[in-house]
Amino acid sequence: MKTVLCYGDSLTWGYDATGPGRHALEDRWPSVLQQALGSDVNVIAEGLNGRTTAYEDYLADCDRNGARVLPTVLHSHAPLDLVIFMLGSNDMKPVIHGTASGAVKGIERLVKLVRHHDWPMETEEGPGILVVSPPPLCETADSDFAAMFAGGIEESAMLASLYRDLADELDCGFFDAGSVSRTTPLDGVHLDAENTRALGRGLEPVVRMMLGL
Amino acid sequence: MKTVLCYGDSLTWGYDATGPGRHALEDRWPSVLQQALGSDVNVIAEGLNGRTTAYEDYLADCDRNGARVLPTVLHSHAPLDLVIFMLGSNDMKPVIHGTASGAVKGIERLVKLVRHHDWPMETEEGPGILVVSPPPLCETADSDFAAMFAGGIEESAMLASLYRDLADELDCGFFDAGSVSRTTPLDGVHLDAENTRALGRGLEPVVRMMLGL
Amino acid sequence: MKTVLCYGDSLTWGYDATGPGRHALEDRWPSVLQQALGSDVNVIAEGLNGRTTAYEDYLADCDRNGARVLPTVLHSHAPLDLVIFMLGSNDMKPVIHGTASGAVKGIERLVKLVRHHDWPMETEEGPGILVVSPPPLCETADSDFAAMFAGGIEESAMLASLYRDLADELDCGFFDAGSVSRTTPLDGVHLDAENTRALGRGLEPVVRMMLGL
Amino acid sequence: MKTVLCYGDSLTWGYDATGPGRHALEDRWPSVLQQALGSDVNVIAEGLNGRTTAYEDYLADCDRNGARVLPTVLHSHAPLDLVIFMLGSNDMKPVIHGTASGAVKGIERLVKLVRHHDWPMETEEGPGILVVSPPPLCETADSDFAAMFAGGIEESAMLASLYRDLADELDCGFFDAGSVSRTTPLDGVHLDAENTRALGRGLEPVVRMMLGL
Amino acid sequence: MKTVLCYGDSLTWGYDATGPGRHALEDRWPSVLQQALGSDVNVIAEGLNGRTTAYEDYLADCDRNGARVLPTVLHSHAPLDLVIFMLGSNDMKPVIHGTASGAVKGIERLVKLVRHHDWPMETEEGPGILVVSPPPLCETADSDFAAMFAGGIEESAMLASLYRDLADELDCGFFDAGSVSRTTPLDGVHLDAENTRALGRGLEPVVRMMLGL
Amino acid sequence: MKTVLCYGDSLTWGYDATGPGRHALEDRWPSVLQQALGSDVNVIAEGLNGRTTAYEDYLADCDRNGARVLPTVLHSHAPLDLVIFMLGSNDMKPVIHGTASGAVKGIERLVKLVRHHDWPMETEEGPGILVVSPPPLCETADSDFAAMFAGGIEESAMLASLYRDLADELDCGFFDAGSVSRTTPLDGVHLDAENTRALGRGLEPVVRMMLGL
């Protein structure tokens, strides 16, 4: 049995801009990936709306700093074979920091946290890590989201290439979500059901390869 | 689709005193419960070794205070139909507090956190809550565990009746894990594979009833 | 007896730019409001210099994050009939975030904290909430304040209309402090004695209405 | 105008064991003290249920650690002429620490926080400090409270003499609340309306003396 | 050049029970060790009064939780060849936890923090670790200290043998400070100048051996 | 014996952009200062890569907020005769805040923390404080550093004059590190060995004067 952890934000949680609400379980990309990989792999979804890579945000009734919560999530689901990070969209908010460069540093911190984690069983070998760049933000007529993510379209467009370089440098796998999915103009950030399903399908090959399946 | 969250400690994580290691996925009680309930229910396991009800513990590379992490876990898996709390064993350590009374107060805080949570979708109605008292600690020849849980046998024996009273007072469901399972003398705290499976089978009827299935 | 909580920053504390110092108790707007409402209402002033809506600031010997301290203040003064929020000026500092949009999100978080608070007495019904937009910043010759609030004049000018929309959406009362008072050019942020008194008088009608007096 | 801050726990908040509920505003000891001192003194009540001297407690939706919140309260109400500390009862809970010695150390920390506070106005001279030992716990038939405060009757009986020594050593005023009031057997911890009023009356002379009135 | 970090509490800081005050720099054990090892070794002293192994203490104007501060100290002084831990005396206070077993768990956590630290330079190899058990507490006529450390004489007497077992298990060096020094009856906890010097001399051989000198 | 604390970031730690690595002990400015002052002065180096003046940064396995760690460092090395602050370079990162004005406020907070610290010995008189402005950032071909410090060249050029004004206002000593050293174009932020040595030599006269030597 292989275990895969999907650590992400609202794009992993399955935020549906229509409604708003949450996509059906079977439409979310971790579920699609689970379905594709079959019952010999256990895919665990840990998506949290508003999660940043490694920055504070006190605007919701939960801890959105991805770096502070990650060790607890790693511990809860160990032993792991693969950790997938798909984060960075919320870093594009100016009140967080709003820069591609800062998101890259945040992902680097998350990778280091996995590599240095004090696992519950001492003989534990660490999991592989797959860095996924989120699809770039797009124009939206939703003025609330447009203001919340001001400047995010340009910065998010740089994430794929910067994440790829980081993944190479840190010896992680890489996948560009923007190669198979795009954000909805309804709010400029999220994925509709078809696009989140497409992401799950798109991830299957690289995940299989990293798991040696 | 109904969603059930299992929020617990090493007895939910599946700590196996032989080894030590982790019980196979299919032996852990949340998996057994998932199997029993079928594919119309999504059972989510969030067990963390060492988790307390609502008390600090800096002895591991994760956040063991159940009250601080709960809101993030609720947010990540909302909308929920049922939350199952099986916590209190780690409260029996004298360095935490070592009292049945303190564990009850901790569970009360967790229930309140669910009831007052600011859910990601505003129209969300809160989930039902099932309080499970962990099986009492037992004698062990493991001197490390015996010292770590000094006095815990007596205090943990009181948890079932105190949790039952609390659950009644707060209008929660209640289940006594000690009615279907017992702790292993290997360390005096944990469940062997047969007992964790028995717990999953034992929980099925009350969970079905609370879910209206 | 009705109880009103005034939760704010230095404009509520009564920071006097001449001196600098603190306005006399009778000049501060919560005192003027108390005087106007009479002895059947208990007006409680909780103003803190530098308080933000929901953002960190480590530059003083106190906790300036309005969202972290609010639950303790709510608990201390419960049961409450009305909570008045007048915050956002300090959010205009670029080291905090410096955006009107971020201040609105902070106020939204504070409103949610009130709505979801776990009050000391369980039968407690929650208080009404009045959102007050602070008066816009103005030009100042004080170079220290001008640098500290760079860009704040334009952003703060948007607060009244954005707070009004938020208040409507969240079913809160709204009052525009800029309609009865203006900031002093001495530092570009604070109110002189006449203007803080004017604010207290200006608030009386809407507070009476919300209290049903 | 003199300003007096009353920093305490549920005995200052006015917790009424019948009900339970909160004593009427005019019955709480800070109000009685305000009435006795007249309009030239501003008495500010900051009582929080469950507040400890300087210890963590995650069992409520507020920050109960008296040492962490104090600087914010000092800042909010500065400039101050007198700070009254009436704390220690909650320290008697075994889950906190349950020792008279620990409560004394907590009060010492609070006194030091006042003495070293970085006040909002730099020319600020610090306030006088009055240490009040809470009335000793008494026997109760309430089994929940009896368990929560196990051992507290003996330990709390030592507080008056230990606080007096500490106050002398740190050059603070001292008052023994047990000299004018007693706890109710309804829960063994709190004051009924008559006793909280008696405490306000009892404090008047020492407060007048410390304020130089 | 070899670098040795001495991470400890008041026994490392050099608290002098007469006065009270601080021992002269040349009398403190890290200085004596530095003198003995010569200029090819850099001995860094990081002793903090009241530091625990891994437990909270809010009674002073500093962070006494050894586990929270350690990563910052490791980072500041990296690269390191040896880390010496001499902690546990403050764990003997009942308000902390007061048990030998808890101190052992705290030391274990500190060792794990070193082993899993994310060092500033990635090619960094981790330092050796020397666990030093503090000398047992002794009887004292100082009633304040006697109360603060109630029960500590018995518990602290167990530390040497428990720390030795832990050091063996975790592949660390071990030294029993009680074999060369004893605590002063002035307060029952601290070392006089002669005993702290003796500790420095006593540590030289094991430190030389661990450094390969 | 006089004691001097050097509280800084990677420029004090001795980060060497070639490699990267750490400058030899004898090349770092605190060591050069120690050598110059002789054995009657104890110079303590507390440099941490990435340390800010008073702002959060979760991107490394240590606490980079200078204001939160300072009290612990002060306590560990008390009694002190002089505290040297050389901080501000990391404040130039846009993800921190990126403004000269914010760095000045951070230094002000650090000065206040020293002035108000609750020292381990009560008769302690506080140390003198020397504020050192870091050398301005310069152009670099390193694209990672250039992005991480975008806008920092202009802002950092203002630090010397702003820090000088602050030091005057707060009655601290001042030294402009840019008057004797310059940053390396290898990364635009750090000092090469010659420049860090030059800084140590440059500081000697003002430190002697402030120590009365």
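In this document, chain identifiers A, B, C, D, E and F correspond to the written order of the chains, with residue numbering beginning at 1 in each.
Criterion: a residue touches a chain if its C-beta (ideal position, glycine included) is under 8 Å from a C-beta of that chain, and two chains touch if they have at least 3 such contacts.
Going by UniProt, the chains are A, B, C, D, E, F = Arylesterase.
Just so it is clear, the structure is predicted and the values come from calculations on it, not from any experiment.
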Among the remaining chains, which ones contact both subunit D (Arylesterase) and subunit F (Arylesterase)? C, E
Which chains, if any, touch subunit A (Arylesterase) and subunit F (Arylesterase) both? C, E
With centres defined as the mean of Cα atoms, the chain at greatest distance from subunit E (Arylesterase) is chain C
Please tell me whether A-C or B-C has the greater number of C-beta pairs in contact. A-C
Two copies, subunit C (Arylesterase) and subunit F (Arylesterase), superposed on Cα atoms differ by a rotation in degrees, nearest 5, of 120
Could you please state the distance in Å, as a whole number, between where the Cα atoms of subunit B (Arylesterase) are centred and where those of subunit D (Arylesterase) are centred? 37
Any idea how many Å lie between the Cα centroids of subunit A (Arylesterase) and subunit E (Arylesterase)? 42
Computed distance of Cα centres, subunit D (Arylesterase) from subunit C (Arylesterase), in Å: 28
Within subunit E (Arylesterase), the set of residues that touch 2 or more other chains is 56, 60-61, 68, 112, 116-118
Looking at which chains touch which, would you call it a line, ring, star, complete or other? other
Chains touching one another, given as label pairs in label order: A-B, A-C, A-E, A-F, B-C, B-D, B-E, C-D, C-F, D-E, D-F, E-F
Subunit E (Arylesterase) partner contacts - residues on subunit D (Arylesterase) that touch it in the complex: 54-56, 65, 67-68, 97, 99-102, 105-106, 108-109, 112, 116
Using the touch rule from the top, collect the residues of subunit E (Arylesterase) that touch subunit A (Arylesterase) in their complex. 112-113, 115-118
Subunit A (Arylesterase) residues touching subunit C (Arylesterase) - in the complex, by the definition given at the top: 56, 58-61, 94-95, 144, 147-148, 150
Applying the document's contact rule, which stretches of subunit F (Arylesterase) touch subunit E (Arylesterase) when the two form their complex? 1, 13, 20-22, 24-25, 42, 46-49, 60-63, 68-69, 71-72, 74-76, 78-79, 117-118, 120-121
